[in-house]
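Both complexes below contain chain A, partnered by chain B and then by chain C.
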Partner chain A sequence: MDELLMILTRLLMGIGHLALILIAAPLLQGFIKKSKAFWQMRQGPSILQPYRDLSKLLKKEELISEHASWLFLLTPRIALAATLMAGLVIPNAWGWAPLSGWGDLFLFGASLGLVRLFLTLSGLEGAGTFGGMGSSRELFLGLLTEPGLLLGLIVLAFITATTSLQGIITGLQSVSPIFIPRLLAIVTLGMVSIAEMGRIPMDNPDTHLELTMIHEGMLLEYSGLSLALLSFSEQIKQLLLILLLAQIVWPSGLISSSVGFLGMFGALCFAGVKVAVLGFFYATVESLFVKRRLFRVPHFLATSTATAVLALVSLWIIRGQI
Partner chain B sequence: MSGISENWLNLVLLVLLASGLSIVYSSRVEKALNWWTVQTVAVSLLILAQGIYQNELEVIFVGILLLIGKAGVIPILLRRVLKESKTEWVGEIYLKRASSLVVAGGLTIIAYDVTKPLMALPQSGFRNGLAVAIALIFFGLLLMMIRKVAIVQVLGILLIDNGIFLAGFFLTQGMPLLVEMGSMFDILVGIVIIVILSKQMLENYDSLNVDHMRSLKG
Partner chain C sequence: MLNKESQFVRQLFMSLSFVLAGAGLVWGFVTIQGGNWINTGLRFFTSAGAGLSFSWKLDGLTVFFLFILLLGQGFSSLYSIGYLKEYEEKKKSLWPFYANWFLFLGSMFGVLLADDGFSFLFTWEMMSLFSFFLVLYENEDRQNRNSAYIYLVMTHVGTVFLTAATLFLYTKTGSFAFEVWAGAAPTLTAIQLNLLFIAFFIGLGTKAGFVPFHIWLPYAHSAAPSPVSSLMSGVMVNVALYLFLRLVWLTLGPGPIWWGWLFLLVGALSAIVGILSASVQSDLKKLLAYSTIENVGILGMALGSALLARSWNNVWAMDLALVAFFWHTLQHMLFKSSLFMGAGNIIQATHTRNLDRLGGLLKRMPKTGLGALIGILGITALPPLGGFWGELILFQSLWMNTLNLTNGWGKVILPLAIGVLALVGGLAMATFVKWFGISFLGQARSQMAERAKEVHPVQYITPFLVSSLAVLSVLWPAATLGLINLPLSVLRTGESLGIESVIGKPLIMSSIYLIILCLLTVVVVILSKRGVRRVTATWNCGGPLTSSMQYTATGLTKPIRILFSKVLGSQRNVERDFAGTRYSLRSLRYEGRIKEVYEDIFYRPSIRGLLWLASQIRKLQEGSIHLYLGYLLITVIVVLIVGR
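Presenting the complex of A and B:
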């Protein structure tokens, strides 16, 4: 009976975790849009605009190209499901993740890879030229971002001697914030997140200009419900990356210390502030820089991967062993 | 020699090494000069912090002198020549930027290998410091060999000077004030002479490319 209760509580907590992610993702998108508008001296859309966009898209009629196969309809569902699966291993405001076992960080990388695989396939599905172009560019970018992302997380795993993301966040609390490998890993993840989120030095999320779009190119054939699911999963991915980065920069695993309703609420507010600060940071970066030419992108991503390698080497030098 | 915590020492060393690599990699003379200024400021802050932690007036004095003399005067002098010459190109002839960065990485590893016998220094961070100092000396030599513009070669000398200064600091933990001042004055006079020479070069050839010097033989 006790065991059943345990399972039920865990299940409920897991559902709460996912619900929180689902609710917060469009809010973050709205906040980033608002911060960009602040830098451009505009009033900008309301913070709640992404919710309205999503509900509008849900009501619209969906058009499907007659050349498209079942894969075209399957992709948005898989994208959302895989992104949520990645969300299961990210520690939330209380430093708790529903799935926290051996090799979490690879599950995170693999889920994002699955989304990328299906998106690129369905970009080719509609037989439009821009879809193919977008897919090819997305694979090109993915090839360069994934080493940096995984290597950066692996350095953190080496520092804390665990491969579960929840364990990494808990372990980082006792590591000095100016520990060199940790700083370099944060720099790597920060740079890679820009590419993963499709933000400005890499890809412009706001444009449908044929020659420059990467992520939008693949979504060009979608409409209605499917488009809503795809942009929702993109927003969730953005939230997950920023949340992970925020937890690594200022880890706050409050699962033990925060007892009572007030403590839990305080932890939630603290995590919200962290995420908002990082979101504002990315909006600032986006306002300060211009989009780079596609062939300059490897330089940027190679720098991030080199930083990760440097983090690994410096860890080896400082500790004398890994 | 307790004082600066090891994490802070490592952070400063990272700044030093990264700025050294950036000087090797930079595409404009002006950028390289800015990176060198950053590096020198980091060196003098390190000395100042050490002096403050140890309560030694001499070391603090050396740090302030470094901050004014090297990080203040030399960049102004060099920038003036740079403005007159309108040079932007760093003169990469023998090695392009990317491959020189790879060579510099290799030199860093060699520097670590060379300092292996010195692992018994009082603080484990000091061995890293010595390795970074020797790596900076190597970068300076590399820069003087593979670049063709006079100002960049001067930057090579200044890098070597930073490296020697750091190596001395980490090995002897504070040289006598007189030696420090002597070496600093040396480099200052050297730079003044080089600035005058490069003005002469500008007058004669209207360029800072050292290849033109060979045409004198004719």
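Presenting the complex of A and C:
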């Protein structure tokens, strides 16, 4: 009976975790847009605009290319589900991840990879040039980001001697914030996140110029409900990446329910502030740089991977193991 | 009209092959229950004769690979019932196929069961020979004859090394038995041991397809009929890897530490070179064959990690690496056979292997397409399917190896192997998105693809069966681990942690992940089941959309080709013909080529060297009678001196 109760509690907590992610994702998008508008000295749309966009798209008629098959409609659904799966391994405001066990840091990148596989396939569905262009570039970026993402997380795993993200976040609390390997790993993950989120200087989320876009290129044939699902999963992915990075920069560790309602609420607010600060940071980066040519991107991502290797070497040197 | 008799013969033989495999599996499950022979081995049919003896043994390690072989045999036989129909329609005699099919399977059984050097070499040679005949089955095509020839030459280069090692061990111990060899291994000097290892590495590595001995593999695996390709890629390479465990791990014993490093480095090299070459291929089957090299590379890395952990006495990491090895062996066999079957269906329906002539097949062959989609999900090592969990365990083993290493540069190289695997994963995704996307999605790029029809039911049902088994292996990881425990208990030395404590809990996650993902997808699908949908043309800036506007197979991975041009040796040659002015182009010729880098830097020089040596030796035999008389004179003098 107790066991059943525990499973039920965990299930409810998991659903709550997902619900929080679902609610917060468009808010973060709105906040980043607002921050960009701030740097551009514009009023900018309201922070709530992404919610309105999504609800507008949900009501619209959906157009489907005559060349597309059933895979075209499956992709947005799988994309949302798989992004949420990635969300299950990310520790939330209270440092708790519903799906944690050893090796779950590999699950994060792999779940995002599943989204990428379906998206790139759907880019080819429309039989047009733009979708193929988007897919080709996304695959190229994907294979370059993956080593950086994984190595960056691996360094943190070595620092804290665990391969579970929840364990890493908890373990990082007792590590000095200016511990050099940790700083280098943060730089790596920060750079990789830019590519994963599809932001300047890798890709431009605002452009609708077919020849330069990557992520939007794959979505070109989508409309209505499917487009809403895809934009939504993209926003969730952005939230997850920023949340993960925020937890690594300012870890708050596992907070038990014994701190009381006020303590729980405080932790949530702290997490919100962390994410907002990082969101503002990325908006600033995006305002300061220009989009790079596709064949300049490997340099950027190679730098991030090299930084991860440097972090690893410095970790062993500091520990006197090389 | 089909000949009734030949149709009956085809169904009879292939069903027989299928039923035999099924019976073998059932028999295996029954015997394993009461078996205390898993670790010690069960000897049978041993015939000790004058000098030469055949002896066979069954133990846990063999049982695992027999399971792989029987599964592969069962699936490809079932598939062949439909696939071989095409040859009947072409009035091509199938008798050579049947004969070689059974002999090939039988010789693989022999290799797995062999318990002494002589039976091993004998069955090994048979396996090479009959697979060579099967590769040669479609011998009308000049290219296929060429591929088979390269295969024959390369496989014999490998066999030479194996024969040398076997004979050396025989002269040392006076016996062919593996057991005697294992007993004598500690008495050998370090140099002898290392030379033996190198001979085995080259000999077996050639068959497994390790870079740089891989050049025959893409040719041979893609030239064979599709069921044979699936057997060669899914099973035969595993037979070679099995022998690494049998001859290196169990017989030569724990060697020096560089053996592990060699496996790790050659594995990483094979994985990268294999998948890079695959990503730029436009040939349906050759791409799959290159991906086999990649997967063999990953398996090599797992073996390397296991060997290193063994030298460092890191039992936990060793077990993890071995579990990863067996897990990936099983998954690779399942997915690769399913993909080769998919490729076979496409080839039968369209009569082309060129990706750039396909397209839009998912609408015309939906069932083949679904099987192939599951196949690419598995082979790109993405969750929720099995390919991912194998890599996860391998990652974990590499991580553990690093953490427990007290000091040294190994602490940097091992995590870099994780980075290599991540890169390989990304490249595999690009490769298989291309393989599936270009052939199944979009618009048909040729008349043949336009007219494609779904093939014989058994040909799409078999991939479904393979896929459902793959899903089952993830949904019920305890069963898969139970199977893996059989070879593991043979390979483990000293104290054992028990497979449950090493890996039990984390792998339950594989089924949890699969279930939650499916639930979430179902929830999303149900919630989003509203709204109006309308089918329209693809947006194309207002112009008409032709099939040539789509990305081609070559175009899709062009960024990869450019970035890795040094490694791939890619060349392009563009000839433009301007009509007087630079602004109007009359004609344009484009030629892109991928060089086989290894053929240029490794094989051509060695072939040149061999030819030069031969021409030097020929000088001894100038055809002059005086010279020969001189040789006779010298011989007589030497004999007189020696026999004085």
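Basically, the second predicted complex is superposed on the first by the 316 of 322 C-alpha atoms of A that agree within 3 Å, B and C clash if a C-alpha of one lies under 4 Å from a C-alpha of the other, contacts with A are read in each partner's own complex, and residues count from 1 in each chain.
As a working rule, a contact is a pair of C-beta atoms (placed from the backbone, for glycine too) under 8 Å apart; a residue touches a chain by one contact, two chains touch by 3 or more.
It should be emphasised that the depicted structure is a prediction, and the values quoted were computed from it without experimental measurement.
Chemist: Kindly classify A:I178 by the partners it touches after superposition: chain B alone (first), chain C alone (second), both, or neither?
Modeler: It touches chain B, and chain C stays clear.
Chemist: Touching A:S314, do we find chain B (first), chain C (second), both, or neither?
Modeler: A:S314 contacts chain B only, not chain C.
Chemist: Determine, for the superposed model, which of the two partners chain B and chain C contacts more residues of chain A.
Modeler: Residues of chain A touched, chain B against chain C: more for C.
Chemist: After superposition on the shared chain, which partner residues are touched by A:V249: those of chain B (first), chain C (second), both, or neither?
Modeler: neither
Chemist: Pick one for A:E62: touches chain B only (first), chain C only (second), both, or neither.
Modeler: Second partner only, chain C.
Chemist: Could you pull out which chain C residues touch chain A in their complex?
Modeler: Within the complex, chain C contacts chain A at residues 359-360, 362-363, 366, 369, 373, 376-377, 380-383, 388, 391-393, 395-396, 399, 402-403, 405-409, 411-412, 415-416, 418-420, 422-423, 425-427, 429-430, 433, 436-438, 440-443, 505-506, 509, 512-513, 516-517, 520-521, 523-525, 528, 530-540, 545, 547, 549-551, 555-560, 562-563.
Chemist: Within the complex, which stretch of chain B touches chain A?
Modeler: The contact residues of chain B facing chain A are 7-8, 10-11, 14, 112, 128.
Chemist: Looking at the complex, which residues from chain A come into contact with chain C?
Modeler: 58-67, 69-71, 76-78, 80-82, 84-85, 88, 99, 101-104, 106-107, 109-111, 113-114, 116-117, 120-121, 123-129, 132-133, 135-137, 139-140, 142-147, 149-151, 154-155, 157-158, 161, 163, 220-221, 224-226, 229, 294-295, 298, 305, 308-309, 312-313, 316, 320-322
Chemist: Could you pull out which chain A residues touch chain B in their complex?
Modeler: Contacts found on chain A: 176, 178-180, 183-184, 314, 317-318.
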